[in-house]
Each structure stands twice: as C-alpha cells, then as structure tokens.
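Lettered A, B, C, D and E in written order, each chain numbered from 1.
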Amino acid sequence: MTTFLGGVLIVLLSSILAGLVRVLRGPRMADRMMAAQLFGTSAVAILIILSRVTDSPAFLDVAMVFALLAAVTLVAFVALALRRVR
Amino acid sequence: MTDPLILFDLLLAGSIVALAVAVLSVRDLFTAIVVFIVFGLLSALAWARLAAPDVALAEAAIGTGVTGALLLKTLHHLRHFSDGQTQDAARDLTAVQPVPMGVTVANAAFCGLVALGLAVAFLGAPQAGPGFDALVSDAMPHSGVAHPVTAVLLNFRAYDTLMEVVVLLAAVIAVWQIERGLTEAPAPALGMVWAGFARLTLPAIVVIGTYLLWKGAEAPGGAFQGGAVLAAVGLLLLLSRLYVPQPSHRGLARWAFVLGTGVFAGVALLVTGGGRVAFQYPPEHAKTLILLIEGLVTISIAVTLAALFHGREPVALNAPESRHDT
Amino acid sequence: MLDLVAGLLIALGTVFFVAGTVGLLRFPDIYCRLHALTKADGLGLALIALGASLMARTPGEVFRIVLIWFFVALASAVGGHLIAAYARRMDRTREGSLRHD
Amino acid sequence: MTPDTIYGMTGIAVFAIGLAGALCAQDRLRRMLALKLCSVGAGFLLVVAAWRRPPDVPDPVPHALVITGIVVMVSATAVALALIRRLQTLEAEDAD
Amino acid sequence: MPIDPLILSLFAPLFGAVAAFLFPRAAAVIGLLAVVSICAAVPALAREVLAAGAVSVALGGWAPPLGISLRADGLSVAMLSMTAAVGLLVSCGALDALRDARQRQYFWPLWLLLLTGMNGVYLSTDIFNLYVMIEVIALAAVGLTVLSGTREAVRAGLEYMYASILGALLFLMGVGFVYLQIGRLDFAGLIAAEPSGAMSAGLALMLVGLLLKSALFPLHFWLPDAHANATAPASALLSGLVVKAALYIFLRLITQMPMPDEVLITLIGALGAGAVIWGGVQALRAERLKLLVAWSTVVQIGLIFIAFARAGQGGLSESWKAAALLVLAHGVAKAGMFLAAGRIKDEVGHDIIRDLDRSPMRPTLAQFSFALAAISLIGLPPSLGFIGKWSLMEGAMAAGYWHWVAVTMIGTLMSVAYFSRVLAGFLRFDRVRAPVVEHQGWALADMAPLVLAVSAVSLGLLAAPILSFLELGYPFGATP
C-alpha cells in the first residue's frame, strides 16, 4: 500500500510540475494565478495522502491551512488587480 | 529496505531547486512572485515530509501566505507608479541595467564554490547527530505543556520568543514610520459571490485560527500559526475593504501591537521572586500562564501581520502628518 | 477490502488531477482552462479525500478531511469565479489596447 | 540516500542560489525574493538537522528556531517592502 | 522586591519602548526615564562584577544548553556602560535636535528597541539568541536611518536593510551548521567543540555575516550613505553604537573558536588595512561633513580589525584589549562627532566642507567638540583612542609585525589630513563678506557632543582601570 501511495504522490507532484509550465508561459496574469491555485489543491491532496503514509494526523492541519491560504493569495491578487488606486 | 518515498523525495527536492532558480531567472516579476509562492508551498511540503508539521504550518501561513500577499501588494504599488494605464501590464518598472555576463558568471561560480564547500561540510557532519532530544524529553514533564515545540518556544527558550515578538513590534513601528500618507482606493467590486464567501468563510477561518492556537499545547500549532491564520482574516477584510483603517483606530491598534510583548515580558518579570528568576513559571501555574501568553501573543501577531500588510499608519487627511501624501 | 476500495478511489482521484493538469496545459483560453481546473481538481480531491477517510483511524480525522475538502471546494469555486470575473473585466476594459495582459 | 541528505543538499543549493541572486540581482523586489530564498535554505538546514530516522521523533528545538526565523523574516520583509514602496513614491514625486 | 540589574538593563528599554509607542506625546519623558534607569542599573551590575568576576542568570531556570543564560563579565559591562552613557547623552541631544513632531514620536520607541537589542547582545551567551538580537537591532536601526524621510535616506536605508538581512541570514546558516555538528547553541558548547568541517563552515558563515554587519572593507558599501543621510542623533547612534554590536559578537566568537587559522587572521588584517586606506582616501574626497565622518567610521572599523588580526597572531590573552579599547573609544568619540556635525549643519545651514569658511555663522561650541572628538579619533594623547592605538602598535612591534605598525601609522596620518580639511574651515573665516557671528549660547544640544568629546579625550587618563576592568570574569580563554 505504501508503495502504491508513494506512486500516487509522485504523480500528484508531477502534475504540479506540469502545471508550472502554465505559470511560466502565461500568457495572462490570471493564467499564472489560476495555475498557482491548482498547486494549492494538489498540495492539499499530497498532504492528505502523506498523513496516511506516515500516520501523522498533524499534516491534516497543515492541509487545512494550505486550503485557506491558497484562497487568500488568490483574493489578494484579484482584489488588488481590480482596485484602481486613485 | 529503501524508503518507498525516496523517489518522491528526489522529485520534490529537484523541483524545489528548479523553482529557486526560476524565481531569479524568469523575466516577469509577477511570474517570479507566483513561482516564489509555489516554491514556498513545496518547501512546506518538504518540511512536513521531514516530520516538522509546526514548521510547515508556519511556512505555509506566514512565509508563503502573508508574504505572498505582501509581495503582490508591493508589485501592484510599483506598477501603479510606473504605469497608470495598464496596471497589469507585464513589464518590469524600475529601470534595470543588465548585469554584464562576466559578473553573472563570476557570481555564479563564487556561489557554486560556496555551495560546494557547504555541501562537503554537511556530508562530513554527523547525520542525525547530537541534539536536545534527551534534554527536552527530561524537561517536558516540568514544562506545563505536552507539545515539545510549544514547550521550547514558550518555556525553555521563551526569551528568544519574546525577542521574536519584539522583532514584529519593531517591524510595525518601522513600517508606520516609513510609509506616510494614505491612498483612498475605492472598494474593489468583487461581487455577490465574494460577499457570500466572505460571510461564510471569515468566521470559519477565525474558528480554525483559534483551533490552531488552542491545540498548540498538545499538538502542532500554536501562537504563530494561529496568529497567521487570523491575520489572513485581516488581510481579506482589508483587501475587500470590508474594513478600512481609520485614524481613530490608531490607539487601539497600538495597544494590540504591544499586547503580546507587554504581557509576555510582564509575566516573565512578575514570576521572579522567591528564588525564581525571570521566565521561571511556577510549575503549578505554568500551563495557565503559557496559555495566557499564547493567547495574547496570537492577537498581537494577527493584528501586527495585518498592519504590516496594510503598511501605512492611518492618519487623517488634514492632519499635519499627511502632508507627504501623494 | 476497505484498503482496496480506498486505493481505487485514490487512484481514480489522481487520474482526475492529471486530467485537470492536461486541461490547464492544452485548452486554448483562460475560461476553458478554468473549467478544466475547478471541476477536475475538485472531483479529484473529493475522491482522494474519500479514499483517505476510509483509511482513517479516528472519526476526528474523517471530520478534518471532510472539512478540508469543503474548504477547498468553496475556495476553488469562489476563486474560479473571481478569476473569471477579473479576466472578463480586463477583456472589456482593454479591448484592442493590448492583446495580452 | 536518506531524506536528510537529500533535503540537506536542497537547502544548501537553495541558499547558494539565493546568495547569488542577492549579490547580483538589480531589481529591488527581485533582491528581496533572493533573500527570501536564502532564509528558506537556512530553514531547510535546521529542519534537516532536527530530523531523526523514524520511529524516533525529531528534535523540537530546531523546529522552534525555524519558526522564530520565519517570523523574523516576515518582519524584515515587510520593512524592506515598505521601503521599496516608499522609495518608489518619492522617486515618482521627483520625476513629476 | 529588588530587580536583578542584569534583567533591568534588558527590560527597562523594552518596557520603555512599549510605553513610548503607546503614548507618543510623553515619548521623550518615557524614553529618558528608561535610559536613566539603565544608567542606574549598569553601575550596580559593575559592582557585582567587580565583586564576583562574572554574573550570570539561567533564564526560566533552564540551564544551558537547553535554556538561555545571560552572562555579564568585564567586557560586557564595559560595553553596556559605554552604550548607556552614550545613549543618555545622545538622548539629551535628541531632545533638541528633533524638531519634527513625527520624528520625535517615532525616534523614542525605535531607539529604545535598539537599546534592548544591544544590551541583549552584550549579555547573550547563545548563538541563536544573538541572531534574534541582531535582527531586533537591524529593524530598529533601519527605522532610525530613514527617520529623516528624504529620498537619499530611504535609498540608503534600503541598502542597509538588504545588507542587514543578508548578514543575519549568513549568521543563521552558520548557526545551522554549528547545531548540526555539536547539537547545541551555547558558548560553552562552542568552546568545547572539536575542530571539524561543519564547525569551520558554520563559524566562517557567521563571521562573514558579522563582517557584512560591521561593514569591514569591502563589505562597507552600505555604511557611508546610511550614516551620512540619517538625522544627527540617529547617525550618532548608528555610528557610535550599532556597529559595535556586530564587532562585539565578532570578538566573542573569534575567541570561542578553536584557535583561528593563520591565513584567516592575515586575511582579516589585510581587509582591515584595505579599509584604513580606502576609507581614508574617500574621507579625503568627501564633500559633505557628515559623509566624511561616516567614512572615518569605515577607517576606524578597519583599525579595530587590524587589532583583531594582531590578537590572533600574538595570542589572545593580551591584544584583544587593544581592540576593545578602540571599540569603546570610537563609540564615545564618534557619537560626539556626529552630534557636533549635526549641530554645525543646523547652525550654518549646510554641511559642505568647502564652504564652511564662507559662513558668517561660527557655532563655536560644536566646532570645539568636533575638534576634541577628532583628537580621539586621530589618536593623539591623552585620548582613549591614543591608548587603543598605542597598545595595538606596541603589541605589533613586540611581535615583530612591522606591516601592521606601518598601516596604522599611514591611517593616522591620513586621518590627520582629512580632519584638518574640516578644522581648517573652522579656523578660517576670511572668505566671509559679512561680519562673523560667534555663537556661544549654551544650548542643551551643544552639551551632549561636548560632554561626549571631552570624555573621549579624558577617558585615556583612566585607561589603566578600564583595562583591568575589561579582564574581569576572564572573558577570553585564560580561565584561572
């Protein structure tokens, strides 16, 4: 089971890395930001699985914070971009 | 038997290094910041993998969450000043002379040498070597809390932690001093969905922040992580202009900034006497005192981080201080 | 048996993640990519969360996993909405002035 | 090959990359990013030094140190970024 | 309940900073009270050290290496007293020098936090604690640098911030390596450590970080602009005190090391020599008074590092005292000089050296203080600077290191040259068309630089007791 989950972890991590191409290529800022949001979700998935593999429930709290803060950076981006400083 | 996760480790380590290179080498600054956020995310993953959930929490919440928002805000400010028309034009604004190739190469070679030397030194050091393990486990029963990291932060090395809170205080005083004037930006039109989300999520985030704080005595979590999550609420309020700092709130803000430092230092001093030195909590009250300090420090951290994000001191438009307004 | 089901669910979830990433890379414009991402990843995470909670020891862990899933789903729905709104606003305000932002 | 070796090397590499950027980067914001890389590299080293082969639990002291380091770094970053914004404002005023 | 003076010297400025930030209107009163209470605590501490040799407290009751202990010996108390005395005088000077309400409001909390950090450094015995302390100092110092709010000050402050952060991170990385090798962070562990690769790497990183923080040539690039563009009291604090914290840590660390390498020591000496020459040339070329004073700080730091180099080669037990004396002498004299320069700038209206003799205004007292401070910095008898330089050269001659003697002499001659540029301007007022106005009012702001400069010159008479005090508690190696 551990080996299988290790494989799953590698696939998830690779999906993050593939998504990086979108961050680097853009072309729009929204594209880059959206890809970063994907990483948040994938990282949460990785942490959930990692907490199973290493049997440490504390990782679930880390995952929870990841989930929250991915949203914060995204809102920061949109709110700042939509704001017209006088 | 080899660790089944070793491939995962190698891939993660490789991507972290690659991302670090990318942060410095991509041309567009916005992309660099996004890449940096991803870099922080993966570093936090690596730290979780190294059985350091407290550190991973702190990095995710402070090192990546709050810092990422700060970096985005600063970039937004810079682009606004360089180009008022297209705010999200992907161009670098400060005139940057290209570095001569020779300098770049020499610099890379130098840092490569440094890395090589450090790597040799690292490999020569005892792996999983001596540490505080035994000392900490001996002292744990007298610490008042059950989670070792919290015991180290708030009891064994409480002096360091007090000074860390002082660093935050120094930062917020310096930032208030540096940035002057105010920008009256209209609230961004985020729409109905956002309003619903805010109503639902903000209280939930507050609950989670409090939960992290409360849990810190027994399990990973604690004042810094909890404070950072609560600061995220402040960030969201400030960003969506649900809360706009007013000059009249300054006094309250000052009290909130110094609350953690004041109570922490005050408790440290008040427990002295009767043969006890500073920071030596009486064992029967240790847990109560630590929780009290943690709680108030959390409030200070949350407010301070939000204020660091907001930047300037809120001053009245006609006040003499605001003459530096742009 | 339970482990097998959990493993299957996790594998399926991973497939959705991969699909989402492929969509992110291959779809032509931002709105399509947004579809690919929010839907596929949301589903992928749901499956993985389900699988993981089957393997959980205590009800507390299950509760936290469910909470995490709920947060991510909420955040990605709102995030997707905000990004779409932002992209559309940008398209409108700078029609013709700049091809890409 | 154990996780501590792998991530220790990662930390050293990240620190060196950050150092190179801090010495060479021209853009103000980019230099700050480079310094942030350095701090994460130093964090890696401490977390790795704390790691013990399971089932042993890691040494908590370095974890506490890294948390302190992270908080200190966000304070320093906030001040540096405030300086960057202020400088930009002053330069824009002068340009007018 | 009597409070331990050790604890008081840390907590008084901390609570003072908190109160001064909370009550901006009363900030000056609170600030002065805090500084005065430290000035009361330090003699008490000195008495304890005189009686016992060294005083220490294990904070929280946790003995090192688990906990952190504070320790005061002769050297730390000397640094504490210098900081407290200079701090008190600069604070008095700041009462008058800061006119802007906003500057006054922020000066006090930042300065008191700076004082907390510095006292913390002088009492610390733990390398990670030192890292946190230098960050407290860095943030407060940057805040003070940009207090004037001008574009030049902000630009210099940003450079300073980058240098500070990088220096602190190098130090932190070094702490990581030390922990990796010996698994503890206290000085006792450092002394007991066997030489090894990781130890050398750790100490090298920490020392380079400190060199950056103490602005040794060629890592001095951030210093002149930062010190020259700050407001006068801030410049006095930055140049007189802040740099000393990094120098002090350097002195402590280099003596905790397994005997430093000959090559390393020679390298440090060579960099010091570079600083003396390069700083001297830049001071000769400087157009503004405050910039000249700032470059002279670079020179003095180079001189102190030459003393360190001698310390390494000739054995530590004697010659580190030359370095310590130079540190003390420079702290007092440079603070006085910057305050005097600020006064001159205020009175004359500018600080362009070439035009000083064209001004109809003659701020006599400030000029007199400047000249006295220059005497100590040049190293003329009977100043403390003279004793420091003398013991440096005496030791170098005894060990046969003639090159260090030569560099010191060249540095002295150059400092005579660049200070006489200024002093000549003070004496000649023949290019003024209008009658020269002699300003001789005893403003409060004139007192602080005068007292500092007078003590910089006259402390040399007390050199023997100072030297024997420095040895109390056996700061370096030679345990009884």
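Definition applied: a contact is a pair of C-beta atoms (placed from the backbone, for glycine too) under 8 Å apart; a residue touches a chain by one contact, two chains touch by 3 or more.
Just so we're clear, the structure is a prediction, and the values are computed from it rather than from any experiment.
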**Request:** Would you pick out the chains that touch chain A and also touch chain D?
**Result:** B
**Complete:** A student comparing A-B to B-C should find more C-beta pairs in contact for A-B
**Asked** Using the average of all C-alpha atoms in each chain as its centre, how far is it in Å between chain A and chain E?
**Response** 47
**Request:** Let me have the rounded angstrom distance from the C-alpha centre of chain C over to the C-alpha centre of chain D, please.
**Result:** 30
**Item:** Euclidean distance of C-alpha centroids - chain B vs chain E, Å
**Value:** 31
**Fill in**
Per the C-alpha means, the centres of chain B and chain D lie apart by a whole-Å value of 11
**Fill in**
Expected list for chain A, residues touching two or more other chains, is 26, 29, 33, 35, 40, 54, 61, 64, 68, 71, 75, 78, 81-82
**Message:** Which positions in chain C are in touch with at least two other chains?
**Reply:** 71, 75, 78, 82, 85, 90, 100-101
**Asked** Where does chain E touch two or more other chains at once, residue-wise?
**Response** 66, 128, 132, 135, 139, 142-143, 146, 154, 157, 173, 177, 179-180, 183
**Every chain pair in contact, whichever chains are involved** = A-B, A-C, B-C, B-D, B-E, D-E
**Asked** Within the complex, which stretch of chain B touches chain C?
**Response** 86, 88-90, 190-191, 193-194, 197, 200-201, 204
**Prompt:** Across the complex, what residues on chain E touch chain D?
**Reply:** 66, 128, 131-132, 135, 138-139, 142-143, 146, 151, 154-155, 157-158, 161-162, 164-166, 168-169, 172-173, 175-177, 179-180, 183
**Message:** Considering only the defined contacts, which chain D positions touch chain B in the complex?
**Reply:** 1-10, 12-21, 23-30, 32-34, 36-37, 40, 43-45, 47-54, 56-68, 70-79, 81-86, 88-89, 92-93
**Message:** Which residues of chain B touch chain D once you look at their complex with the stated criterion?
**Reply:** 2-3, 5-6, 9-10, 13, 16-17, 20-21, 23-24, 29, 32-33, 36, 39-40, 43, 46-47, 49-52, 54-55, 58-59, 62-63, 66-67, 70-71, 73-75, 77-78, 81, 92, 94, 96-99, 103-104, 107-108, 110-112, 114-115, 118-119, 122-123, 127-129, 131-133, 136, 148-149, 151-153, 156-157, 160-161, 164, 167-168, 170-172, 174-175, 178-181, 224, 301, 305, 308-309, 311, 326
**Prompt:** Which part of chain E faces chain B closely enough to touch in the complex?
**Reply:** 1, 3-4, 7, 11, 14-15, 17-18, 21-22, 57-62, 65-68, 101-102, 106, 109-110, 113, 116-117, 120, 126, 128-129, 132-133, 135-136, 139-140, 142-143, 146-147, 149, 154, 157, 173, 177, 179-184, 196-198, 200-202, 205
